[in-house]
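Labels run A, B and C following the written order; every chain starts at residue 1.
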Amino acid sequence: MSAASFLEVQGITKRFGGLTATEEVSFTVKEGEILSIIGPNGAGKSTLFNCITGFYRPDAGKVLFRGKDITTASAHKICKLGIARTFQIVQVISDMTVLENVMTGTYLRTYDRRKVREKAVEILRFAGLHEKMDFPGTDITIADKKRLEVAMALGTEPTLLMLDEAMAGLTPVELREMIALIRKVRENGVTLIIVEHVMEAVMELSDRVVVINSGRKIVEGSPKDIVRNPEVIQAYLGDRYSAGN
Amino acid sequence: MRNPTVRQIAFCAVLLVALLVFPLVVHGTFPTHVMIMVFLFAMMGVAWNILGGYAAMFSFGQVAFFGIGAYTSTILLMNYNVNPWIGLVAGGVLAALMGAAIGIPCSNLRGHYFAIASIAFAEIVRIHFNNWKFVAAAEGLSLPLLPESLRNFMFHSSKVPYYYIILVFLLLSVLICRYISTNRMGFYLRAIKESHELAKGMGISFVRYRLYAIMISAFLTAMAGTFYAQYILYIDPDSVLILPISVQVVLVAMLGGAGTIIGPVIGAAILLPLSEITRVWLGYKGTGIDMMIYGALIMVISAYRPEGVWGLLTTIGRRGK
Amino acid sequence: MSEQLVAQLMNGFLIGCMYSLIAVGLTMIWGVMNIINFAHADFLMLGMFTSFWLYTLYGVDPIFSIPVCGALLFLLGWLIYRFLVSKVMTGPALAQLVVTFGISIFIANAAVFLWTPDFRMIEKPLLYGTWNFGTVQLSIPKAVASIGSILVSLGLFLFLRKTKTGKAILAVEMNRSSALLMGINTERVNALSFAIGSSLVGIAGAFLSMYYYIYPQVGGTFGLISFCIVALGGFGSIEGAFLAGILIGIVQTLGGYFFDPAYKYAIVFAMYLITVWIRPQGLMGW
């Protein structure tokens, strides 16, 4: 029971020219929970995501990780501190095998080539990619690539894993597998923040949900509460539907 | 380069033995000279590979490091009586520092943008040396003739010692390259090649690793420059700082197969004899025919067989199975 | 003192106009097909020699060679695209960088072989001499060349914005796959852009031949400068290349005037490096 929260996001604001992509967004994340960030397209979720992970520098606000201010820290340092991320458009290293991709991740914490390889193999087993270990990174299905991305991130031994639309473009079967994988990751002691559109995953996995619209946080709560919240419905479906529900 | 197959190891072993025995079997200054040039450019091609093959930093400015190496050791020798071997290291260090200095403003540049920046850098170096009195500007420097010995890094009666020295340099470069490729740096460079964003996300400081790559590549290329100075015994900006040398290095790496370790060696083995022979047979009148053939070859190969010879050989090898 | 400065600025502007014309063709080729044509400045040299031989053998003044140079280089550009460059479009990026290098080496040395490395000059073009504004002297051929360059660049600009073909080229430049989906024949656009770019630099060669030394290696420094201009203006941006060309011309002249003429190109390159440090995509690049 430490006083400092695991992750604290305070008043994050980010502007691009005249457009305010993210405005005064604040929330906290408890250790061990799965928090989802949802919102309509263009709401500013990715911008927020990038501000937290050090890819953008916010114009105002703070990000505190275990009490440490990481607002202006560079992206690679944030990864070293224990926050790993995936990308909206899946990125794997093309001229490497699946195993080598994960090794690139595990190399962050060890230099010993044998250990690096062993850890990577373990992670591949965990992620269900063990059989495809020697396939070229580009030669696997999109669903496997997404798993690979998760595996690569896990290689860096994060305490917080942030997923950017990991469920997009998956078939129903693949979706279930991914949900199972995320659950396993949490069971292994990793806190998760997931930015998602696929509601099934949000409902199943989240302990709490934060809803963003037009750059602002409009509400925060359990999945059940969020789904009934009139403001949320209005944000997604427009005025015509909110009154009727 | 993944764990090499038995076939590949055997091939390299046979090749190595052949190269070691070559001067004992083939006599004559011209063949030895050609082989020395082959090794020289193979070494620079291997050094280039660390940048261009692994990290997609297509440097067309390697000649700057070559020249810095050549000039540093020569000036230290001529003005301060510093032993060329120490000068070799000094040149390497200086080149590495200059590489880091230019690497910082260029840390976000990739592909074509990086290529042009590297050319701009090398040209600045050339123009400066061409006008700098301290290094005798365009006149160039003639190395003092020291008594022949390994310690003095100078031989007069035969080219064969030079042959073995540059071969050792080449092997050293290949070993360094292989070490990089199979350990963390190689992985990180390939991640950087894929995407700076991805690298950042995996905890890789792409700025730092790019600098490491430049510095190592610069050091090795400068070593080649010092060797050249000690071999030819005369250097001037027009022979050690010109763009065609940088281009030759890229071609050597590309022809052999960029991104492989043995590629540049093969590329050099094809390209250097070609340019040396055509230069001697056809170029003496300054007619330019030798370079025309050279240029034509480059055009045709890059247009019709860009994966290089190594790529070609491995494809054939695979199909053969 | 300030008259000198004005003269230098004018000179820089005039040189810059020439640079702009050279750079504009290069950036268009880059914008459309992602290729840096290292042989671009050698095409310039060919344009210059075409003008020279027409003058020396047939007494044709450079002014009238302009259309010939344009047409000849257009054809050459088309052929080179068709038989060499198009092959590397689908290959590794390195091959794309290198093939035009090969073409450059081939052309420059073919020129040495055919015409010897000697320096030539067009002694008495039609437009010759200087205008005098007070104490400032303006070289007429340079002025004509510069005005011509501006006009031709303007012509390109209008062509790209107002004609159907031109707009197709712009479309491909902006987004290749969308252009393809809209039914634009991107292969044709590639070839056309390469040909037009080459034609423009051929015309620049005709202009340049009015006052500059003509020799096989003239492409050398012009080439490097034009790459810097293109990168400075932002790869693919024609407006950027035009402005950067003039800027570089002025920087070069002022740099040589204030520091050391021998270092004028070094100053240009240094300025380029500083600019890409601050703004990697160039002034107007995307």
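Convention: a residue touches a chain if its C-beta (ideal position, glycine included) is under 8 Å from a C-beta of that chain, and two chains touch if they have at least 3 such contacts.
The shown structure was predicted, so the numbers you read here are calculated from the model rather than taken from an experiment.
J.: Counting only C-alpha atoms to place each centre, which chain is farthest from chain A?
T.: Relative to chain A, the chain with the farthest C-alpha centre is C.
J.: Average the C-alpha coordinates of each chain, average all protein C-alpha coordinates together, and give the chain whose average is closest to the overall one.
T.: The most central chain here turns out to be B.
J.: In terms of C-beta pairs in contact, which two chains are most connected?
T.: Max contact pairs: B-C.
J.: Rounded to a whole Å, what is the gap between the Cα centroids of chain B and chain C?
T.: Inter-chain centre distance comes to 31 Å.
J.: Roughly how far is chain A from chain C, centre to centre by C-alpha average, rounded to an integer in Å?
T.: 48
J.: Return the distance between the CA-based centres of chain A and chain B, expressed in whole Å.
T.: 44
J.: Give me the residues of chain A that touch two or more other chains.
T.: Within chain A, no residue touches at least two other chains.
J.: Quick check on chain B: which residues sit in contact with 2+ other chains?
T.: none
J.: Under the definition above, what is the set of chain B residues touching chain C in their complex?
T.: Residues 52, 56, 58, 60, 102, 104-106, 108-109, 111-113, 115-117, 119-121, 123-124, 127-128, 130-131, 243-244, 247, 250-251, 254, 258, 286-292, 294-304, 306-307.
J.: Which bits of chain A are touching chain B when the two form their complex?
T.: My answer: residues 53-55, 74-77, 79-80, 84-87, 91-96, 100, 103-105, 107-108, 111, 113, 116, 152-153, 155-156.
J.: What part of chain B is in contact with chain A in the complex they form?
T.: Where chain B meets chain A, its residues are 182-184, 187-188, 190-191, 193-195, 197-206, 259.
J.: Please name which positions on chain C make contact with chain B in the complex.
T.: 30, 34, 36, 83-85, 87-88, 91-95, 97-99, 101-113, 117, 216, 220, 224, 227-228, 231, 235, 260, 262-263, 265-266, 269-270, 272-274, 276-277, 280
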